[in-house]
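Structure record follows, encoded as structure tokens.
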Amino acid sequence: MMDLPELIPPLPRVLLEPIVRGALLEDLGRAGDVTTDAIVRSGVQLSGTIVARQPGIVAGLDAAILAFRLLDSDVRITIEKPDGTGIGIGDTVMRLDGPARPILSAERVALNLLCRLSGIASATAKLVEAARPHGRAQVVCTRKTTPGLRALEKRAVRAGGGANHRFGLDDAVLIKDNHIVAAGGIRPAIESARAHVGHLVKIEVEVDTLQQLEEVLRLRIDAVLLDNMDPSTMREAVARVNGRAITEASGRITAETIPAVAAAGVDLISVGWITHSAPILDLGLDCTLS
Amino acid sequence: MMDLPELIPPLPRVLLEPIVRGALLEDLGRAGDVTTDAIVRSGVQLSGTIVARQPGIVAGLDAAILAFRLLDSDVRITIEKPDGTGIGIGDTVMRLDGPARPILSAERVALNLLCRLSGIASATAKLVEAARPHGRAQVVCTRKTTPGLRALEKRAVRAGGGANHRFGLDDAVLIKDNHIVAAGGIRPAIESARAHVGHLVKIEVEVDTLQQLEEVLRLRIDAVLLDNMDPSTMREAVARVNGRAITEASGRITAETIPAVAAAGVDLISVGWITHSAPILDLGLDCTLS
Amino acid sequence: MMDLPELIPPLPRVLLEPIVRGALLEDLGRAGDVTTDAIVRSGVQLSGTIVARQPGIVAGLDAAILAFRLLDSDVRITIEKPDGTGIGIGDTVMRLDGPARPILSAERVALNLLCRLSGIASATAKLVEAARPHGRAQVVCTRKTTPGLRALEKRAVRAGGGANHRFGLDDAVLIKDNHIVAAGGIRPAIESARAHVGHLVKIEVEVDTLQQLEEVLRLRIDAVLLDNMDPSTMREAVARVNGRAITEASGRITAETIPAVAAAGVDLISVGWITHSAPILDLGLDCTLS
Amino acid sequence: MMDLPELIPPLPRVLLEPIVRGALLEDLGRAGDVTTDAIVRSGVQLSGTIVARQPGIVAGLDAAILAFRLLDSDVRITIEKPDGTGIGIGDTVMRLDGPARPILSAERVALNLLCRLSGIASATAKLVEAARPHGRAQVVCTRKTTPGLRALEKRAVRAGGGANHRFGLDDAVLIKDNHIVAAGGIRPAIESARAHVGHLVKIEVEVDTLQQLEEVLRLRIDAVLLDNMDPSTMREAVARVNGRAITEASGRITAETIPAVAAAGVDLISVGWITHSAPILDLGLDCTLS
Amino acid sequence: MMDLPELIPPLPRVLLEPIVRGALLEDLGRAGDVTTDAIVRSGVQLSGTIVARQPGIVAGLDAAILAFRLLDSDVRITIEKPDGTGIGIGDTVMRLDGPARPILSAERVALNLLCRLSGIASATAKLVEAARPHGRAQVVCTRKTTPGLRALEKRAVRAGGGANHRFGLDDAVLIKDNHIVAAGGIRPAIESARAHVGHLVKIEVEVDTLQQLEEVLRLRIDAVLLDNMDPSTMREAVARVNGRAITEASGRITAETIPAVAAAGVDLISVGWITHSAPILDLGLDCTLS
Amino acid sequence: MMDLPELIPPLPRVLLEPIVRGALLEDLGRAGDVTTDAIVRSGVQLSGTIVARQPGIVAGLDAAILAFRLLDSDVRITIEKPDGTGIGIGDTVMRLDGPARPILSAERVALNLLCRLSGIASATAKLVEAARPHGRAQVVCTRKTTPGLRALEKRAVRAGGGANHRFGLDDAVLIKDNHIVAAGGIRPAIESARAHVGHLVKIEVEVDTLQQLEEVLRLRIDAVLLDNMDPSTMREAVARVNGRAITEASGRITAETIPAVAAAGVDLISVGWITHSAPILDLGLDCTLS
């Protein structure tokens, strides 16, 4: 775990800054923070700590830090618990020192980002822990992410011990039921994909039944998405694939059902709710005059 | 309820379009939808229905519709269940007809927006229903929204029967604990706010105890935020305010605890989790060739 | 007055920078400053002073400073007369030292911003001084600001001793004549507003006659805008309001007419021309080799 | 005058739209027009007329029209007095018909643009008329324009009968006093400019005295800016130039002083205040239910 | 070839429009097309044809068309030779009819895009034809594209019969010499990549020698880039790979050298110069009054 | 030549940064550099040199440097061969030291910019050298530049010893064949231009024949573009102009044909291919661990 920050390099600032800048502009509006501007004198200095009010896994520190720094580069920040670290109630995640105004004005934006991303990491970690004893399956995310935050949410999944599925519509082929309808069948869909995409683009196909699986396996593909199968069917599916493709399970999988899915022997278990429905991790900022 | 779509006018397109456009660009990346482009021929037409897989309240239709239309203005759309409408499993929310490619390429972005916003409306509606028999309190949202989606999420809260708190740091004064620390006390904070903000800006102050409440009531303010008080203290607080200010309750309120809070007689109950932690409402797109 | 810079905190750089950057891009075009680039060698250093050619009140220094710094962060700047300060002919407002090229290339943009904003502060100050002996009314601005510069112009009004009305269409309700036409009357307009806006949003209504005023006062509102009333009607209106709402006078008020309006006892006097028609304050940049 | 709209083609929409869109976003904020949304039902239709409350010259109609249309393309608009037309009190400039909400929500932005630009056209026209009987000089604008609105303001000057000076720092060389300081003299400045700029870039030099003028005339330049000269010196300057360069007068010229300047025989009279200090032309929107 | 337009679906307008809009703004500057505005009356209509002055392959029509349409949606356009079509000298690629001003103002931007993209398609086609008789290798592009135009240039390569390599740094792993230096060897580089990237991300490794190739083949990778090998070494390399990975040849390959490379049996031949150094295809716009 | 960097001041960062930032975003996509992130540990430091693999002229260093610095401001850079310098094979243009990740992630963008711009400078220099012995003509560029890169490409032309034609449609009038068609003849075109453009805007007219030239010379213009004339006709044209206008030759001029064109005595020779078709100058980045 010690190595995790190494494994999840920070998002380059050219990618991160527009997101955080947009969030600040959304909260500051035209006039800025009228409360702080009206009641806090410019010389006041604060010390603050961001403290866990719930146990979980930290993610999104770089975004939170940038929120404060974009308002004032003089805010000094010390990270106590880097991304990917487990924390308990009362643990201090980050310390801040500096002028009161930017700290107070950026507080909500910083926490909105940090709590949401830590919530995703924490939800992922729970699934990872639930699955681990039962098989070698990795927990992976989907494209069911918050519009505008995908890059950050995908890193949060990794901070929680999960892995990333494709980042968008342009970096891999995933043929799902609606595509098969529009393409006129599984075979033309796969053959057409094979013919037109670049050599570094992998192809994955969603199947709902063992019959569909057999049809797909007769063609050359890189991965199969076993959608909404019960554990025993899934186990049979994994046996039939027999290493000829990566196997991915999906379909409303929860911490309760994941052990059986993992035990079916799949390579990957994709879970939409870790990004679309994970509750935030509750973190708060406590300040004192410094 | 019949009147709701009237009451929640669509967000002006100049505000909505940058959000939806950004979401599409995030998903399309540089190369666009390589799956659809490779396997669906340009003449293929689809009919699709967006169908509920869970009961709840619809919100975010304008965003979902724009996602399809920005890819191709030829997609024809019929709304079956407008924003604010309750739906059951299997209900059709929206029908689409048109070229297959844009429908498939916009599907995920449209659903990501629609499911998230409907999830917020549905969570709000549950709280509203739980509170209604016990008092006149309105359920209101907070600034704990998803960065980039605040305007849409605030409309979703209204679709669910809730009301909106301030939209950002610049449209009202809300003096919280950290502000009081930085201002050197409640009195200087309120007096300074009073002196510097415009005549159409209201002032609300957070209090944790009845003692703080008394101090605040001696000054002129518009609203008090009664934070984390137990129901009997809150009832006492409402009595002491006695109509001199709007009363707002806050502090991790859930569907279980909201009846007691409402019964305490507050005007408003603000709940962060309806925007920061509401699970999505599960909606899917089913397509057939047309 | 000594305290003013404290009272008007600088606009956060995330809000200020896009405005100044846009102004520089507008002036630099594609090719940059062809005059300076062609005739000034890169090693040349200048000392410059921005000097008043007219008496008035300074505003907009942060914007002017940023114009120079965005072209070259090595330009050293000393403020002699901060925002809100009165200046006389020949007074030095700001000193600059540094490389000649960025100083010359940013000169016009910096002065365009500084002279315009100082013009607004100066016009405001004249009205404030004219009104002060005659009543307690504050001079406030309107939404009749320059497109793109509203946040800066509203701060300039405060630098001149005025106060700010709402910043836009979304931070308060102001019901004017055209709204009343479209809503079908004053009563439905006010009741509808009361029913739909958040608890921190104030409601103001424009009235032209005492009869309309009476109608409005029977409903609950926060402020009345007494539009184009003669002083004696206005005095009567203030008497009838009798503290039940904030009173605001408007209607082409000038330095000549403001004493009578102030004497009528209103709380606020709003004046569009301080932002839409104030002449600039003439300031110039004088340079010497350093 | 009949030909003027022909002579001032509308700014291409790719240039105009970002300005108007930015102005709308500034006014609408995050939440949009809360007044209109709350009190005007969606089916209500209005007829409106934009009416002159002052005599003057119209400019900026394309910007005003786009403000309405960007909110709702269903607003129907008829132009009664095109850009460049003189109007009297009570004249109708433009008629609107359509849904009430977008008309009311765009009203202020449309008028802010239209009144400001018409104010510039009107101020220009006054100078043009004052100068015309006394010589052949054209009235031209400067770079002292409102940041963000230069392209629109320069067209407004033409609508008022004036002509345009350079649009920015990159389309012509204008050597002023501070440049001469930094370049080490007039001769090196001009020679360096001549050596480095493209063959389609003209060179103008500011001179304050006849002595400087003689020095400049010994070199090859396209235009001289005669700054702050009294009429008789200016007449002498024009005589000495004797057609070898375009002559431009500048220096706080007003409607009172312009006849003498024009009579001195210069080709151009540049006036900063027509863009930086012209009061708006007062126009209002009157609406009735339709 | 008949099918090509089907195979290369147009870039979605949300991706295409910012590029073309940016190109128009770059050319129009602040003031727009001063030549056309000054000399062409608004009623004038033109008919134009875009005609080949060189033989080659067309690409980029959607971008060229959008350039005209963004200036005026009334320009009517007929495509004579769709993307991917071979053309000879004098062939008409596209016909335009409509108002003269937008046609003339967009001409250069439209041609700059069309000629460049057609140049890339034409260069690609020459290599494809040269390689075809000698093996089954596809010609593929690289990331050596024009900053800002990558998506368009990659489609142009496909219009010329080539295929696309990865679109950027985030859609596949390509381990090159400098990465191996920084990773401390080929083995740690590949193992680290395998451990950290998603299951749909392929891994390709550059090798310069047969010895490196052997080392790479002992690990599991998807593709090898055989860089700068002579044909006989390359043939040996292909033999050693023996179907265990995709083989790609690279290294300054030209139309002269490509037959030998193709004959070596590689799957792909990547060529940087088709995007970074291909001369434009000369196309011109001829207009007549209509 | 020693003075050149002085003569070509760097593009202001406000103009340069959006171009480089856009190029980085295009390459990094949503997820950033997955190869480097996965295999290079964060502590690794590299030393790199950008080395010429071809002789030529350097241009675009500021863009390349900014690419590295925008990813990490800790990358230390030393310029060995500034813009405008001639280099031979193996020459080091620039040295880099710093963290490995940003160096590797920015490498391709930096080189794409640097190689393209150096290619333009090198192509320009070849023409300049070929023309120099035969006349005083300057080599100038056209508007046939890469969309989005015009400002950089025009500076590259100057780095190669050429000069710049107009930067866009708004900084000079150039009347070409299609304009004459639309204007109804050369005379109305020129007179209309003369009447409507500003006094600092020059007018150039394209002529194909001596007869057209005579017609143009009877009017007052600043420059004539002699298009596609053979050398003897061009010599005659220059004679007839006899200093009354700047003379510019154009029409597919190459290094082979330029001596004759220069010998004809024209002032300027404009060449489109130096920007639209110049091959890149091949430069590479070699790294070692530091």
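All chains are identified by letter, namely A, B, C, D, E and F, in their written order; residue positions are counted from 1 within each chain.
Criterion: a residue touches a chain if its C-beta (ideal position, glycine included) is under 8 Å from a C-beta of that chain, and two chains touch if they have at least 3 such contacts.
Keep in mind it's a predicted model, so treat the numbers as computed, not measured.
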item: Chain C and chain A - chains in contact with each; value: B, D, E, F
item: Between chain D and its twin chain E, rotation from the CA superposition, multiple of 5 degrees; value: 120
item: Inter-chain centre distance, chain B versus chain E - centres from mean C-alpha coordinates, in Å; value: 44
item: Chain centre separation in whole Å, for chain B relative to chain A (CA means); value: 22
item: Rounded Å distance between chain A and chain E, as computed from the means of their C-alpha atoms; value: 33
item: Touching two or more other chains - residue numbers and ranges from chain D; value: 26, 28-33, 37, 105, 150, 164, 167-168, 170-172, 174, 196, 201
item: Graph class of chain-chain contacts, one of line, ring, star, complete, other; value: complete
item: Residue ranges of chain D in contact with chain A within the complex; value: 26, 29-30
item: Chain C residues touching chain F - in the complex, by the definition given at the top; value: 21, 24-25, 28-33, 37, 41-42, 70-71, 101-102, 105
item: Chain F-facing residues of chain E, complex; value: 19-20, 22-23, 26-40, 44, 46, 48, 100, 104-105, 107-109, 111-113, 115-116, 119, 143-150, 167-175, 178-179, 181-183, 188-189, 192-193, 195-197, 201, 273, 276-280, 285-289
item: List of chain E residues in touch with chain A within their complex; value: 7, 138, 140, 163-167, 170-172, 174, 196, 198-202, 204, 222-223, 246, 248, 267-268
item: Touch list for chain D against partner chain E, complex; value: 5-6, 9, 11-15, 150-151, 154, 164, 167-168, 171
